[in-house]
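Here the chain labels run A, B and C in written order, and each chain numbers its own residues starting at 1.
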Amino acid sequence: MDSILLIEQSLNGLQLGMMLFLLASGLTLTFGIMGIINLAHGVTYMLGAYIAASVMAATSSFLLAVLAGMGFAGLMGLLMEFTILRRLYERDHLDQVLATFGIILVANEATKMVFGPQALFMAPPEYLNKSIQLADGLQYPLYRLVIILVGLLVVLGLRHLILNTKLGMLIRAGATHRATVAAMGVNIAQVFTLVFGLGALLAGLAGAMAAPLLAVQVGMGENILILTFVVIIIGGLGSVRGAFAGAMLVGLVDTFGRAILPLLLAAILPPETASGLGNSLSDIAIYLLMAVVLIIRPEGLFMIKGKR
Amino acid sequence: MSSKLLEVKGLSKAFLGIKANDDVQLSIHAGEVHGLIGPNGAGKTTAISLLSGELRPDSGQVFMDGKDITNLSAWRRIHMGLARSYQISRIFPDMTLLQNVQVSLQIAHGHSFRFVAPAFGSHGDEALAMLAKLGLEDRAHDLASSLAHGLRRELELAVILARKPRMLLLDEPMAGMGKTESIRITQLLEQLRGQVTMLLVEHDMDVVFQLADRISVLVQGHVVATGTPEDIAKNPQVRAAYLGGEDHDG
Amino acid sequence: MNKLALASLMILLGLAVPHLAEAVGDPFLTTMATRMAIMGMAVASLGFLVGFAGLVSFGHAAFFGIGAYVVAILFKHHSEASPIPFLPFAWEGSLSGMVQLPLAFIASFLFALLVGALSLRTRGVFFIMITLAFAQMLYHFMISLPDYGGEDGLSIWERSQVPGLDLYNDYDFYYLCFGLLVGVLLLLRMIIHSSFGVIIRAASQDEARLATLGVPVFRYRLLAFALAGGIAGLSGALAANLYEFSGPGLMHWSRSGEMLVMLILGGMGSLFGGVAGAIMFIGLEEILAGWTEHWALILGPILIMVVLFAHGGLMGFFSRGRS
């Protein structure tokens, strides 16, 4: 594998990792702080993508599309928290699974009714829809670079929020010393709602940014949700830093698995078998990664406390 | 003195860099009641878990009957007669008191890999007798989760005594108990003296000094002194490090 | 009404299903009841794990899928008269149910033994996720096998041959599934009350206590996990016969999720809860699907309502109603 391909695949991995981080940061915070397993996190991602694609089609403004996708996803997240999820914080994980599964059913069906069963496609805006020369012989799509950049901005923003603001202090404290925070007279319910809304907003951002890269369709949320869970399990529940590490790891392993495995297999197998097998085996790679992490460290890589 | 039932050599265990047990030396003679005292956070519970096999030491060895059991898993140690109680009692909350003891007896008889006969059909009388010993027979058919704190401790004792242990590791068996309950447990332990060797971790100094044949003092993971209650009460080092310390919250 | 009377009533009702279906002139109901019995079996085995052993597996569909693939693969090799690869002896599969069904159980049991051995050191959410991971690995692995249909799966042209029964006859097929379901429930009930079952239940209440009472908890859990996997495999083998198909979709994580949903819907406090959940879920799906194409819009809120207002699932709701 030459260095051009290596750089290209690294960038692809980074881009997938940033995407996963946008989703994982919200999921890990809601799990770490509120102890809730939210299968419906993928729903906000899907909604972000749908709204962005529709607004883009109507207005041709990419910025507006992304903002609308984010905003709508954030609002829906708040609505979900307010009507259903806040009643489930103290409940069994299984109850949370059932209720959020119910939310998925409703959201997916409603989305199908409103937008139709066909997938939507969204073109990236003209000014981003080109490749730029990064090095000799290395052309890379500008749009993917923008995703990486947006991801980095979010990483820095979240870092600032968590380390330097009152909300961040509460989030940090809430993840480890929930009772203490409550005893300080802070309205913990409000903090939860805010964090939840923030998580949904970021998931919506991920959906909106992903919309030009893939078919916008019902079910897209569930596919990425499982990957996101892999990320936060590897990273350790409740840790944003861990979510970042996990997202990068999963992004890179997935991308390189996809690029390298077929090449390796082609050396020993007939070509069409090799590519088919290579593809599915690279799907396996991330799950293998998670299983291995859990077999070696049954509580994840960066566990912040004995929470499960 | 008599032979050593349990011997601990240089046991150390750290959590995230904090040395909970640091080169602990203990020898417990067959038949004695050995008190283990020390301020909160001294490492008493950690020591018990190292002895029971639930924690693995970073270094050091544990011998029982002269046999090295350092790497023996917890479930095997009790088959050698080493049983423990917990600082916060552990029982099976969704079972009745009787069933709790029945499970223990079932394990003692070693026939848990059986799939056909109903389990709670056997050992009923033996279990009831055990409960009666602790004055719990009236509640035999109540759920264990319905018990108040003190009674849970008594049930836990019934459950582990059903295993007929030779050596008991008791982690604050009187903590959070009322006066009468506490007296009853003290009497029970007094009755067991001689039949069962005991390592007794307890905050209530009156109880420890009344029951123990010898006492070891643990401070910051170290055993700073071992001796008869009289020796310990007089030991200036102990008084300085422990009895005179701030942290004496009884 | 006591439990025995209730169970007898349920069995009588189950026996009467095909006749009732005929009486109301809707023979399709028998097929639906067959589906319910098949899923009921899988969900009951999951209920044994979750409700009694305290092990929340999010990969149960993998074992179900293995059972289905065993039937499909044995059929395929039999019909092509080709030997099954990687066997130490030459064997061209079989159509006999007396071979297919036990083998489905055994294959799933063994795979569950492997997954359990690697997973049972984790707890809680981590156990949920590692079982999910193994199931997803198997899902993608099956997709990667073009000889066994890859993404499209395998069709089965001939159902299993069971002596004395014709599985192309809806009655026969239903009674086979129903009989096996009753058998499985009785078996699980016996196990739950046995010495082994008591250990399993105790482990879910306080694992550390059980260990310091002298039980190697891991072995007991492993066996329970494998047993549940085997039963799910048997159920999958029946499903493959019903659909005349096996494919990777049967193992997808959403199918594992669906089984959990059925279980929670029915309630976990009793073995029958899983069956009740399967009946309710499939029944609702059928009724709503016949009524509106947007059935998910109604089923979703029902699930949410069950969680918010009917704690303990359907069975819990009824048992509270009675007391």
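Definition applied: contacts are C-beta pairs under 8 Å (C-beta built on N, C-alpha and C of every residue); 3 or more make two chains touch, one makes a residue touch a chain.
In this text the structure is predicted, and so the values were computed from the model without any measurement.
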>> Suppose chain centres are the mean of their C-alpha atoms. Which chain sits farthest from chain C?
In response: B
>> Need the central chain here, defined by C-alpha centroid distance to the all-chain C-alpha centroid.
In response: C
> Counting in whole Å, what is the centre-to-centre distance of chain A and chain C, each centre being its mean C-alpha position?
Replying inline: 31
> What is the distance, in whole Å, between the centres of chain B and chain C, each centre taken as the mean of its C-alpha atoms?
Replying inline: 44
> Quick one: chain A and chain B, Cα centre-to-centre, how many Å?
Replying inline: 48
> Can you list the residues on chain A that touch chain C in the complex?
Replying inline: 31, 37, 39, 84, 87-88, 91, 93-95, 97-99, 101-110, 113, 222, 226, 229-230, 233, 237, 273, 276-277, 279-281, 283-284, 287-288, 290-291, 294-295, 298-300, 308
>> Could you list, by residue number, the parts of chain C that touch chain B in their complex?
In response: 190-191, 193-199, 201-202, 205-206, 208-209, 211-217, 220
> Can you list the residues on chain B that touch chain C in the complex?
Replying inline: 52-54, 73-76, 78-79, 83-84, 86, 90-95, 99, 102-104, 106-108, 111-120, 159-160, 163
> Which residues of chain C touch chain A in their complex?
Replying inline: 50, 56, 118-119, 121-126, 128-130, 132-134, 136-137, 140-141, 143-144, 146, 150, 253-254, 257, 260-261, 264-265, 268, 294, 296-297, 299-304, 306-308, 311
